[in-house]
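Quick heads-up: structures coming right below.
Each of the next two complexes has chain A plus one other chain: chain B in the first, chain C in the second.
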Partner chain A sequence: MKNRQDKITAEEKFYIATQWQLMWRKFKKHKLAIFGAIVLFIFYFVAIFCGFFSTQDIYKRHTKYIHAPPQRIHFFDEEGFHLRPFVYGLKRKINPVTLRRTYSEDRTKKYPIYFFIRGDKYKLWNLFPTDLHLLGVKEPGTIFLFGTDKLGRDLFSRNLHAARISLSIGLVGVALSFILGCALGGISGYFGGTADMVIQRVIEFLMSIPTIPLWMALSAALPPHWPPIKVYFGITIILSIVGWCGLARVVRGKLLELRQEDFVMAAKIIGATDGRIITRHLLPSFLSYLIVNITLAIPGMILGETSLSFLGLGLQPPVVSWGVLLRDAQNVRTVVLHPWLLIPGLFVIVTVLAFNFLGDGLRDAADPYK
Partner chain B sequence: MLSYVLRRFFYMIIVLLVVSITAFVIIQLPPGDFLTSYIMKLKASGQIVDEAEIAALRKQYDLDLPIHLQYCQWMWKMLHGNFGKSFEWNRPVKDLILERLPLTVTVSLFTLIFTYLLAIPIGIYSATHQYSVGDYAFTVIGFIGLATPRFLLALILMFVSYRYFGLSIGGLFSPQYQLAPWSGAKFIDLLKHLPIPVVVIGMAGTAGLIRVMRGCLLDELQKQYVITARAKGVSERRLLFKYPVRVAINPIISTIGWTLPRIISGQTIVAIVLGLPTIGPLLFRALVNQDMYLAGSSIMILTFLTVIGTFISDILLVWLDPRIRYEKQAR
Partner chain C sequence: MPKEDKKPLLEVKNLKKYFPIEKGFWKKIVGYVKAVDGVNLYVPEGETLGLVGESGCGKTTIGRCILRAIEPTGGEVLFKMGDSKMVDITRLNKEELRSIRKDMQLIFQDPYSSLDSRMTVLDIIGEPLLVNKIAKGVELRNRVKDLVKTVGLDVRHLRRYPHAFSGGQRQRIGIARALALNPKFIVADEPVSALDVSVQAQTLNLLQDLQKEFNLTYLFISHDLSVIEHISDRVAVMYVGKIVELAETEEFFLNPKHPYSEALLSALPKPDPRLRMERIILPGEIADPSNPPSGCYFHPRCKYAKDICKNEKPKWGEVGSEHWVACHFASKLTLRKVSG
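Up next, the complex of A and B:
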C-alpha cells in the first residue's frame, strides 16, 4: 500500500487533488496574497496579546513628557556596539516665548531595554491579572517608541490596544453582514418571485444612499449615555446595515446560477434530498466565493469605523481605536509639530492593503477557470 | 424608450419617498424631540421659557400631532419650500442648504469627470500593457488609493503642503474672495482650489474603476473576434478602439449609479477635513448639535443628488448602448 502511494506522480496528484487542495496550490503562487496573510496574522496576533506587547499602561500620564517624539532604539554608542539595545533619555526644553516644548536625546542617560520585564499591571483578555511585558526599561527611564500624545500617554501601547478594537470591529461587522446577507440573499435566490423583487429593491435603495452621511446620522443617534461595549456593537450594526447588500447579491446570483447546473439536476434525479444537495453540492461550490467576498468586505468596515471615530461620531474615548487616535491629528498645525500622531493612519492603510491583497489572491485561487 | 424612461422615473419617485421617510426617522431618532433640546439650550443660556411659548412652538412644529401626521405635515411643508428652521443657525434650513448646494454639485461633478477621465485611459493602458512597469505602477498606486481613508489622504496632503511649501490648503476660496460676489476672478480662484479636493475625493473611485476597466478589457481582448480582426490585418489602434474598448466601457458607465453615492459620501468627510463650504460640514455640525431639521434635510438633499444623478446616468446609458435600448423595446 505504502509502496503504491509513493509511486503517485505529480501529475496524478493534480488530478486526485480536492478542490481546496487545488485552491491552496494556486493561492501559494500569489506572492502578495501570502504577504498580506502574514501581515494580518502578525497584526491579529499582536492585537490579541496587546497587553503583553505594549510597553506600559495606556492611560498612564507622563506629565513631564507631553507630545514627546518617538525614542529611537540604539545598538551603538560612543563605546561601540552593544548586544542589548538601549534608548537615550529625553531632555525637555520649553521655549519661553511660545511655550513650545522641544525634546532632544540626552546622551548622558542610557536605559537598556529588557525583555520579558515586569511593568505596569494589566489583565490579559480582562481575565488574568499579570504584569509581564515583552520589552521595557527600568525606572526612571522611559520608552516611547511612537512618542506620546497631548496628555503624555504612550502612543505605542495605545496603538496596539487600538488595533484590538479596529481589527475586531471588521470581523464582528462582517459576521453580522454575513448572517444577514446569507439569509436574505438565500431567500431571494431560492424562493424568487415577490420576495426576490422586494429584497432586490431594498438592496438597490441601500446602495444608492451615500453611506457616510447615513452612518454619520445613525451613529449620532446612539444615546450618549450608552456604555462603550454597547456603542461598539451599535457601530458594528450600523456598519453592517449597508454591508450585507454585497454579500446578499453574491449569494443570490450564485444560487440562481447553480440551480440550473447539470450536477444539481443529476443529484436530484439520483434522489438526493434537498438538504444533501444544499450541503454537499451547492454550498461547497460557492463557499469559496463567500470567503472572498467576506475578505474584501472587512476593509470597508475598518475604514468606516475609522472615519466615524475620526469625526467623533463613532467610538468615544476612553475606548481607543485607530480612528479615535487619529482625532488628535485633526488640526494640521498639530500634525506639523507632532507628525507621529499620524502613525495610526499608517496601520489602517497597511491593514486594508493586506486584506485587499489577501482577497485578491483568494479570488484568483477560487476561480476554477483561471 | 419613452416607456422605460417613464418607468424609471416612477421608480425614482418611490425611492425619493423612501428616502424622505428615512430622513424623517433620522430626525426622530434622538431621545426626546428636538424642541426639548432647544428649550434646554435656551434654559442653559439663562433665558426664561414660559409654558405658553412652548405650547405655541409645539403647535408651530406640529409636535402635538401623531407621528404619521407629523411626517405628512413635514412633507407638505417641504413641497412648498419650507424645510423648517435651524435652531443652531437661527435661519431657515432652505437658505442654508441653497447657499451650499451649487458648490456641492460643482465639486461632485468635477470629481466625477476627473474619475472617468483618469480611470478609462489608465485602464486601457494597463490592459494593453499587462505586466509592464507602468501596469505595476498603476496597480500599486491604485491599491494604496483604495486602502487610504479619504480623510487621511486629505490630512496628509495638507500636512505636506503646509510643512514643505508653507501653504495652508483647504477651503474653496482665498480669503479675499470668501464673501465677494461672483465674478470672473472669483471663479478662477475656485478653479485653483478645486484640484486638491477633487483628487482626494476621486482617488478611491478612480482606483476601483481602473481595476474594473482593466479586467473587462483583458477579458474582451482574449475573445476570438479580436484574434480574427488581428489575423485580417486590422491596425492595433483601430482594433482596440473599434470594439473591445467600447464593450469594456459599458460596465464602467453602468456603475455610475455606484460611483456617485461614493463621491457624495467621500465628499462629506473630505469637506469636513478640508473645510469646504459644501453640505457635508453643515450636516456634521447639525448632527453634533442635534439640529435635527437641518440634519434630516441635509441627508435628504445629499441622497436626492445621488438618486437624481443615477436616474440621469441610467437614461444616458440606454441612449448610449443599443443593446439595452433594443432589449427594453422588445419587452
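Up next, the complex of A and C:
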C-alpha cells in the first residue's frame, strides 16, 4: 500500500513540475552535458579568480629561465614519500654550437610547494590589492607548471589570465548578439512584411561574406592608439556583427511558428494585451531554445577571438588571451622545441567541446513536452 | 431575415474574408482565396447553429471572423450587447472589442495546441479572469475551482500542467477557459473532431448541459453530420465559402433542398444493418476557392446541373418556413432524404 502511495506522488510530481524542472530532469540524464557543465564551471571559476590561482605576476621576466619546460610536481624523492609536494630546481645548459638552451632537473635543490602563500602583488578584479596565491614556492625557487615563454614569463599564470579574456569575450559577444538578434529577429518575425524582407536580406548578405576577411577589414579599422579595454570591446562588437545573424533567424523562425499556435489566439480572444502575450506566452515558449542557441554560439565567439588574435588582428600584447599566447607558437620550430607553448590551444579545444556538449544536452532538454 | 419571435443574438451579413495570394520577390498580389464569400446567417439566443462542410470550405474562417480573431475583408457581424442594441463587431476599436469579447468565446479544435503547455491549469483557466481584472488571488482560485467542477474535472489537479491530461480532459480545460468570462455566445470550432468517439459523446453532452445551465448560444462548427444532428437546432451547409442551405435540423435531415446536402446526407452512416448504404459519390474535387467555377460553385459536381447553373449565380431564397437554399432548382428537385 505504501508503495502505491509513493508511486502516485512521484507521478503527481511529474504532472505539477514546471517547464524548467522537467528540463532539468531531462538534462540530468545527459552525462556528457553534465560533464561539460562541470568543466565550464571550473574554467569560469578559475578565470574569475585568475590572480589567486596563478603562481606569479604575468609580466615578471625570469631572464635565467627562457623557454623553460614545465616543472613537474613531485611527491617522491630518494627518501620516499612526502605529504607536501615539491619541485626540483632547474639546471640550464647552453649548447655552444646551436646556442640552444636545455634544462634539466637539479636534484640537489628542492622547493616545497606551499598553499595560500604570499607572493607577487596583484589586484583582485582590479579593485582589491592582495598578494595571496593558491600555491607557490619560496624564493629563490621557481615554479613553472606550464613552462615559460621566450621572455621567461610564467605560462601557467599567463594561461589563467588569458582564460579570463577569452572566456569572457564569448559571453560579452553573445550578449551583444543576443540583444541585436532578439530585437531584429523579433521585429522580423512579429511584424513581417517589408521589415522582415529587408532584415532577412541583410542577414543573408552578412552571412555570405567570408568571416575572416570581414573581421580583418573591421579590426584594421580599429585605431591603433586605443587602450586595450577599448580594443577588447571593439573586437567583441566585430564578432557579434556576424554572430547576431544566426540568433535573429532562430528568434524569427520560432516567432512565426508560435504565432500560428492556437493558445496565442486563445490569449488574444480572452482579452490579453500584446505585451502579456509576448511576455507570458511567447517568451517562455522559446526561451529554452534561445538558451540552447546562445550556448552553441559562445564557442564560435571564442574561436573567432582566438583566430583574430592568432593572426595578430585581434587583441594585442600586453593583453593576454589564448589567441595572443598562441601567436608564440606560429612556427614549426617552436612546436618541435617548445611544445608547451601549445597549451592554450588545448584550453580552446576543451572549452569549445565542453560548450558543445552542454549545448547538446540543453537542446535535448529544451522541449520537455515532446 | 430573422423572424419576430426569435431574437437573434448574432447576425452575420454578407461576411467576406479574402486571403491575398502573394507571388515572387516583391510579394505581388496575384489573386485572392475567397475563404468566406458573402455569408449570411443568424443565431437566435439560446440556440445552436451547426455549421457543416468539407475541410477547407471556410467554416473555421467564419468562426474566427465573427470573433475578429482574424480581420474580415467585408460585411457586418451584428452582436447583441447587454440590452437589445445590436453592435457591429467589425467596426469596434481595440478597447471596445476587448470588452465585447467577454461575451463571446471560442473553443478550439486541437486540445493540444490550444493550451499553453507552460502554464498550470489554474493559470490557464484563471487567465481570462486575471487579464480582465475580474478576480485575483484567493477569489480567482475559488472561481477556477468552480469552473473546473462545472466541466467535470478534479479540483485537486489545479497545479498540474496540460501534459498530464488526456485529449478529452484538455478539451474540458479549454471549455472551462471559454466559460470563465461568463459569455453569452460560444464558437465551438470542431470541438470534438480530435477526440475518441467515446469521449466525443461525453464532451457533446457536457456542451449541451452547459448550454442549458448558462443559457449559452453556440455556433457549432463540424464536418460530422451525426454530431451536428445531435447538438444543433438548425443546420447551415457550407460549400467553397458560401452557405448553400440553412434549415431547422429536423427539416434539413428530412427534406434537404440542395444537391450538395443530399450528397452529404447520403454519406451519413445509418445504424440499421439491413439498410444498404447508397452513397452519392460526387465526381471531381471540391472547387478551388482562389479560382471558383462560374455560376453556381457546385455545378461541376452536380448531377442535376443545367446550363443556367453554369452561367448564373443562384439566389439565396426561402423555400419553406425557416428554410433557405441557394439553388436554381431548389423547389423543383425531389431529393433523397435520410431514411429512418
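The rule we apply is simple: the second predicted complex is superposed on the first by the 359 of 370 C-alpha atoms of A that agree within 3 Å, B and C clash if a C-alpha of one lies under 4 Å from a C-alpha of the other, contacts with A are read in each partner's own complex, and residues count from 1 in each chain.
Everything below uses one rule, namely that a residue touches a chain if its C-beta (ideal position, glycine included) is under 8 Å from a C-beta of that chain, and two chains touch if they have at least 3 such contacts.
It should be emphasised that the depicted structure is a prediction, and the values quoted were computed from it without experimental measurement.
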Worksheet item: For A:S168, is the partner it touches chain B (first), chain C (second), both, or none of the two (neither)?
Response: neither
Worksheet item: Thinking of the overlay built on chain A, is A:D262 touched by chain B (first), by chain C (second), by both, or by neither?
Response: second
Discussion item. One more residue to check, A:L303. First (chain B), second (chain C), both or neither?
Written reply: first
Worksheet item: First (chain B), second (chain C), both or neither: which does A:A217 touch?
Response: first
Worksheet item: Just chain B (first), just chain C (second), both, or neither: which does A:L342 touch?
Response: first
Discussion item. Going by the contact rule set out at the top, does A:Q200 touch chain B (first), chain C (second), both, or neither?
Written reply: neither
Practice prompt. Compare chain B and chain C by how many residues of chain A each one touches, and report the one with more.
Written response: B
Worksheet item: Of the partners chain B and chain C, which touch A:T334 in the superposed model: first, second, both, neither?
Response: neither
Response to the item:
Seen from chain C, its contact residues with chain A in the complex are 27, 64, 67, 69, 98, 101-102, 105-106, 108-110, 113-120, 127-128, 131-132, 157, 159-161, 163-164, 174, 177, 180-181
Worksheet item: What part of chain A is in contact with chain C in the complex they form?
Response: 12, 14-19, 197, 261-263, 265-273, 276, 280-281, 284-285, 369
Discussion item. Looking at the complex, which residues from chain B come into contact with chain A?
Written reply: 15, 18-19, 22, 26, 29-31, 143-144, 146-152, 155-156, 158-159, 162-163, 168, 170, 257-258, 261-262, 264-266, 268-269, 272-273, 280, 283-284, 287-288, 290, 295, 298-299, 302-303, 306-307, 310
Worksheet item: Given the complex with chain B, which residues does chain A contribute to the contact?
Response: 205, 207-214, 216-218, 220-221, 223, 299, 303, 306-307, 310-313, 326, 329-330, 332-333, 335-336, 339, 342, 345, 348-350, 352-353, 356-357
